[in-house]
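Shared between the two complexes below is chain A, which has chain B as its partner in the first and chain C in the second.
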Partner chain A sequence: MVSPVQSLLFSLEFGSFIAIAALSFSVIYRVVGMINFAHGEWLTIGGYLGVLIAGQVGSILAIPIVIITSGLVGYGLARTFYRPLRRSGAGPIMLMLGSIAVGYVLRGAFRIVFSSEPRTVILPTQVYRFDAFGGFFVNSTQLLVIGMAVLVIASVHLMFKRTDVGIAMRATGSDEDLAEVCGVDTSSIRRNTWLAMSGVAGLAGFLIAASTNVFPLMGMEYLLLLIAAAILGGIGSAYGAIAGAYIIGGAVTLTTSYLPSTFTTLGTGVAFLILIVVLLIRPSGIADVEVAT
Partner chain B sequence: MPMSRMDRQRRNFVKGIGAIAATVGVAGCSSQSDGSSSSESSDSSDSGPNVLMGYGGSLTGKWDFNEDSMGPLLDMTIETINEQGGPLGGTLEMSRRDTAVQVDQARQVMQQHINQDNADFLMGYNSSTLVPLWEFIQRQEMPLITPWMGSTFKDTRGGDNGTPDDMGDDEWVWRSVPGDGVSTAAAAIGMRDRGVENFGVLNGTSAGERAWSNALIASTKPVDQLNMQRRIEVEEGKSSYQSELSRLFQGDLDLWVIAIGIQDAQVVLREWDQGGYGVPVMLENILQQEKLLENLRSSIGTPDAEMLMYSQLPSGPQKEKVREMYESYTDQDMIPWNYAAWDGIHAAMLAIERAGSASPEAIQQNIGPVTRPTEDSVEVTSFEQGKEELEAGNEINYQGATSSFNFTDKGNIATPGTTFDVSVEDATFTQDERISEEDIAEIITDPAFAEYLANN
Partner chain C sequence: MSYTTEINRRLDWVKQRATAAPVSIVLITVGVLLAFSPVGIVYPDFLLPAVDLGILTALYGLVILGVNLQVGHTGLINFGPHLFFGVGAYTMAMMASSGSFAGVTFGLPIPVGLVAAVVLSSAVGLLLGSTSLQLRDDYLAIVTLAGAEIFIRLINGVQPIFGGQTGIQNIPQPIGAVAASYKTGLTATLLIFSGILVAAYAVVTKLTDAPYGRVLRAIRADNDGARSIGKKVGRYKLVVFVLGAALAGFAGAMVPLYNGSIAPTFTTITLTVTIWIGMLMGGAGNNRAVIGGLLIIMGIRLFTRFMNTYSPVGGGFFAPLRLMLIGIVLWAVIYYKPEGIWGDPDRLGEVFTRK
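Then we have the complex of A and B:
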């Protein structure tokens, strides 16, 4: 049997990818008020930027550069595609459909620019082995992924609780008109949200490209999982999305590790089963969105 | 009425989006397919018919990397055929469409080729689409030559049942690549010779990967020494396969086998190396991609344990000629399926020459006769040579790049097998020992092989 500590580590790693991605998706939904179905492509952008930048400056130094450039690219895309739609009076449904179209366009563009060949961010990996708890190992990439998730979660928490921008984001997310009346420049808050959360999504893409690889459809493969995590946690809640991501990560990993081998392919299915059960019991998700961040 | 500023902005935005989408969409198609319908751009000849080949391939989707190699081969073959006089003095053209390895889309592509493009024969497709669409294809009564389909499902289906004149019993699908049984039987023999006793299998869930894995396990059944200890099927597209690997290596394995798409294979193999399991791995033969090794070299350097591959051995008389032509034609890697496509197209063209017609029925009825040896048939190794012999009134036996290319009654071909040394450091697959057709036949004609496949 696979050691429980080993399974826990795998769950944490898998959950961390989804947590970072779902967090950015959820905050954008909360503040900007749109479901960005092209969010997976925001991850792919981070992955490709990671490949390009890590090749020039090394993988560790590439991380902050990827976050910044992904933020700028993500914001640029939102400004190019979504702002005109919003200004032309498109409602949430139209914006959502628009984002599906943007996703298609971006995937086509990735294929043209980068071809279909999978690419990897080269990250030197050290493996550490332990005999305790039935024997387990952890490698430096896994530690980086988990560590970056902790850092992102802590940073977002501090931003929401301790900074004016974060508080203004929460206010805008709760009631945009009221926030505006109170003097919040909601337009600049939306811009800051796109910048920050596109950067976070880019980081998730970078980590996926470092752990696995990046290819034109990569983001789309993660989209359902990150949306599921966001819904499970209570869509719009940053903390709920994080909780949802780790529950999904755990469900997928533990299903693979411990259920009979016939069920090893059902990991994602089990995660969605949990989603259905949670929503039946608590339709607003794990966190109550009305009171959540 | 003058437009407001907002209206103009909106209109400009919509126009802009439309232009970008159209540009990206068109470029997306053309970059993968070199023109989804090359029939529009080809030079037509006044002296003969334009023959259209409808090619359905995974231009997008998880096997799209293979099409990067296949595309130039198709273009090169078409150019070669046309330079050598073309079918019946006309021009061979291609309409290349994307199946995305999706069954519904593949069915749609076939219908478009048959009903809209008026294709004369079909080409391409793989096990993941052909197995589910088998009955549908039979109803189309259109010859289809596949250079991709390895599945043992095809072993007992397809071809003309040895009666070219009677189309009542035809099954329309011809496979120009050896079946999975060749590579998996070669693998079983190789594993036996290495002294392997316990092995494990990790495979993806698509029809092609399951079929190959089943064929591998079936090939080990006639070999008493080999015991499959554990088989793990995995979801594709995951970010980590560590749980699956940990589970697989709970057993005491001498060797493990991986059968999954290249994107996932890259992840699995990296995690296998990082996990330090130390058990040699055997790759499914569709992973014979130098790009895979180059990426592994970048990420893990030299793996701790050995990597192996067993595959069919393209060994036809045209093999070297085709390889050299391809290497001077493109920078893409030559893959074994390219030889199969070259042969498949040549067989169809020679069938047209023999029939004096490019109708689907004529092609179907003549593929067998131009590829099967008879007492008085003349062996030919090019379209031009075949055309001359047929014009002179002789029967021909096409000799291919993959093999001597003699289609069986069920429209299959055979080749020897081979072992490959896999070097991540050099990113090369180096051909090693040859495994004869007789040894392979011994495995795949064993009742235990058929029994396992029948039950799985």
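Then we have the complex of A and C:
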């Protein structure tokens, strides 16, 4: 039996993956107005780039390179696959279907290029053990994951509240035409959003690959979790998504560690159950965004 | 009298008589007779995948009719038909199986299983529909998808009840049991299922051609407008949602009856994606067109299956290529022809394009 503090630590770590991923998903939804069902694959891209890059340059230096490269790759994909659809007049549902299509293409490509074997980013890891609170341990990777989550959340917060780009992003998300009339270059805002948030999603993938491993279907496993977190928080609300992520992370970790081992796959099922219940009781989520017609 | 007018006259004669009801009756009768006849049909083995996929196409046809009723006619975005298909399939499997390697089985007669399958999948549809149909399009899509994922986690995870990855075996195969040979049984199954599909098509078309169908399309075009002229929009949506769920559940219940076993691989999201591709490619909102679209995408799947068997590259390389192809086809349909090959772009505008 794991001690409660240990469970809490695992929940924090798992919640941090989801928080970073859900934040990027939510900001893209808010600004660009698109539910990206291939967002899980955006994580996988970061994981694989991490495997490739960390092998070359070492661990800590790899993080900024992974963020930049996965930002470029994610933006390239959005430009190649999503922009033509949007320009041809596809509505939100069609864009959603388009992203499902992109997910299929990317998962197939991962399997061909990297094979189905799980890969991992090898980081030098230090383990710290404590005897307090029934005994628990922390390793440096977990600290890195939690630290990066705090850093990302703080940067996105500052960008949204303090910088002109952030304000322009919020304006584009609220009313694109009005923003354009006010002199906001909305197409460059879209580009920057995809660049930055694909980078953030890539970072989440990198951290997952460092903490566990990366495989072609990894993104699929996280997709509904991060959607659940985003909806729980009120989709399009960055802060809600973060709160939602830690709730989902806690729920999944706790069910997995306290249920008999035959039922471990139900851990994520619990997250989806939370998602549905939230949509039924309070579809606007914690942060109260209007969604029902 | 020229030769061509004579042919045309005869074609018209055929067209007048070959409506859905007689075609379905003939298909089912021939299928049943074939199953009971002592004749063993012989055809080359390489045609087996085609017959096998044909059977699946007939069942997917039932699902696509239901989804088209929901999405194409009423504008309810259902991303989880594989949930209802799976509920139907597992209910039938667990009810009818007489002792499986893993999982709970009841060994009841098939008709009981069939009723239970349709009732249970409708009940799941009722539960999901009565709670979430008031949500916006994209949220409804996510709820249906999440509901389906929970079900898949459940059947994968709770092995003592649902058999986990191994699924449920030992399900009676009524057609296979009486047929003279394996190939005869398969052919008879294809004929009977196609007959059922044609009958379902006739019923659904009757519904959508009736004033009832016009109300559905009015709801799709303008939810509040339909409500303002006194239509009970919520009631209509719920009925359509449950109807689609029941059709998918019925189709799912057929799978264990010809396959003899059921496993989680039959109810993956690829089923839903195939259905959506077929619906969009044919033309959502048109019952005949969606079945045409389904035939095309299943034809592509058959072609790739042949390619897989006879191509020099290994399956480890080919399987992901097939998945990529599904993605590319879906993307291309949305980009080049979102209204479908036989669809009417004006009728689809409300749901699928930016207003």
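Assorted remarks:
We take it that the second predicted complex is superposed on the first by the 277 of 293 C-alpha atoms of A that agree within 3 Å, B and C clash if a C-alpha of one lies under 4 Å from a C-alpha of the other, contacts with A are read in each partner's own complex, and residues count from 1 in each chain.
Just so it is clear, a residue touches a chain if its C-beta (ideal position, glycine included) is under 8 Å from a C-beta of that chain, and two chains touch if they have at least 3 such contacts.
All of these numbers come straight from a predicted model, not from anything done at the bench.
On the superposed chain A, the two partners chain B and chain C do not both fit; they clash. Contacts of A:I231 after superposition on the shared chain: chain C is touched, whereas chain B is not.
Contacts of A:T120 after superposition: chain B is touched, whereas chain C is not reached. Touch criterion not met for A:V181: it reaches neither chain B nor chain C. In the superposed pair of complexes, A:A109 makes contact with chain B and with chain C alike.
In the superposition on chain A, A:I100 makes contact with chain C only, while chain B stays out of contact range.
When the shared chain is aligned, no partner comes close enough to touch A:A132: not chain B, not chain C.
Within the superposed arrangement, the part of chain C that overlaps chain B, taken from 236-244, 308-316 or 344-352, is 308-316.
Shared contact residues on chain A (touching chain B in one structure, chain C in the other): 81, 84-85, 88, 101, 104-105, 108-109, 111-112, 115, 264-265, 268. For chain B in complex with chain A, the residues that touch the partner chain are 6, 9-10, 13, 17, 20-21, 24-25, 27-28, 31-32, 60, 64-65, 68, 205, 230-235, 237-240, 242-244, 246-247, 250, 262-263, 266-267, 274-276, 291, 295, 298-300. By the touch criterion stated above, chain C contacts chain A in their complex at residues 77, 131-132, 134-139, 141-143, 145-147, 149-150, 153-154, 156-160, 223, 273, 276, 280, 316-317, 319-324, 326-328, 330-331, 334-335, 338, 351-355.
On the side of chain A, the complex with chain B involves touching residues 1-2, 6-7, 10, 13-14, 17, 81, 84-85, 87-88, 101, 104-105, 108-109, 111-112, 115-120, 122-123, 125, 127, 129, 137, 139, 141, 208, 211-213, 215, 217, 221-222, 252-253, 256-257, 261, 264-265, 267-268. Per the touch definition, chain A reaches chain C in the complex via residues 35, 81, 84-85, 88-94, 96-98, 100-105, 107-109, 111-112, 115, 216, 224, 227-228, 231, 262-266, 268-269, 272-273, 275-276, 279-280, 283, 291-293.
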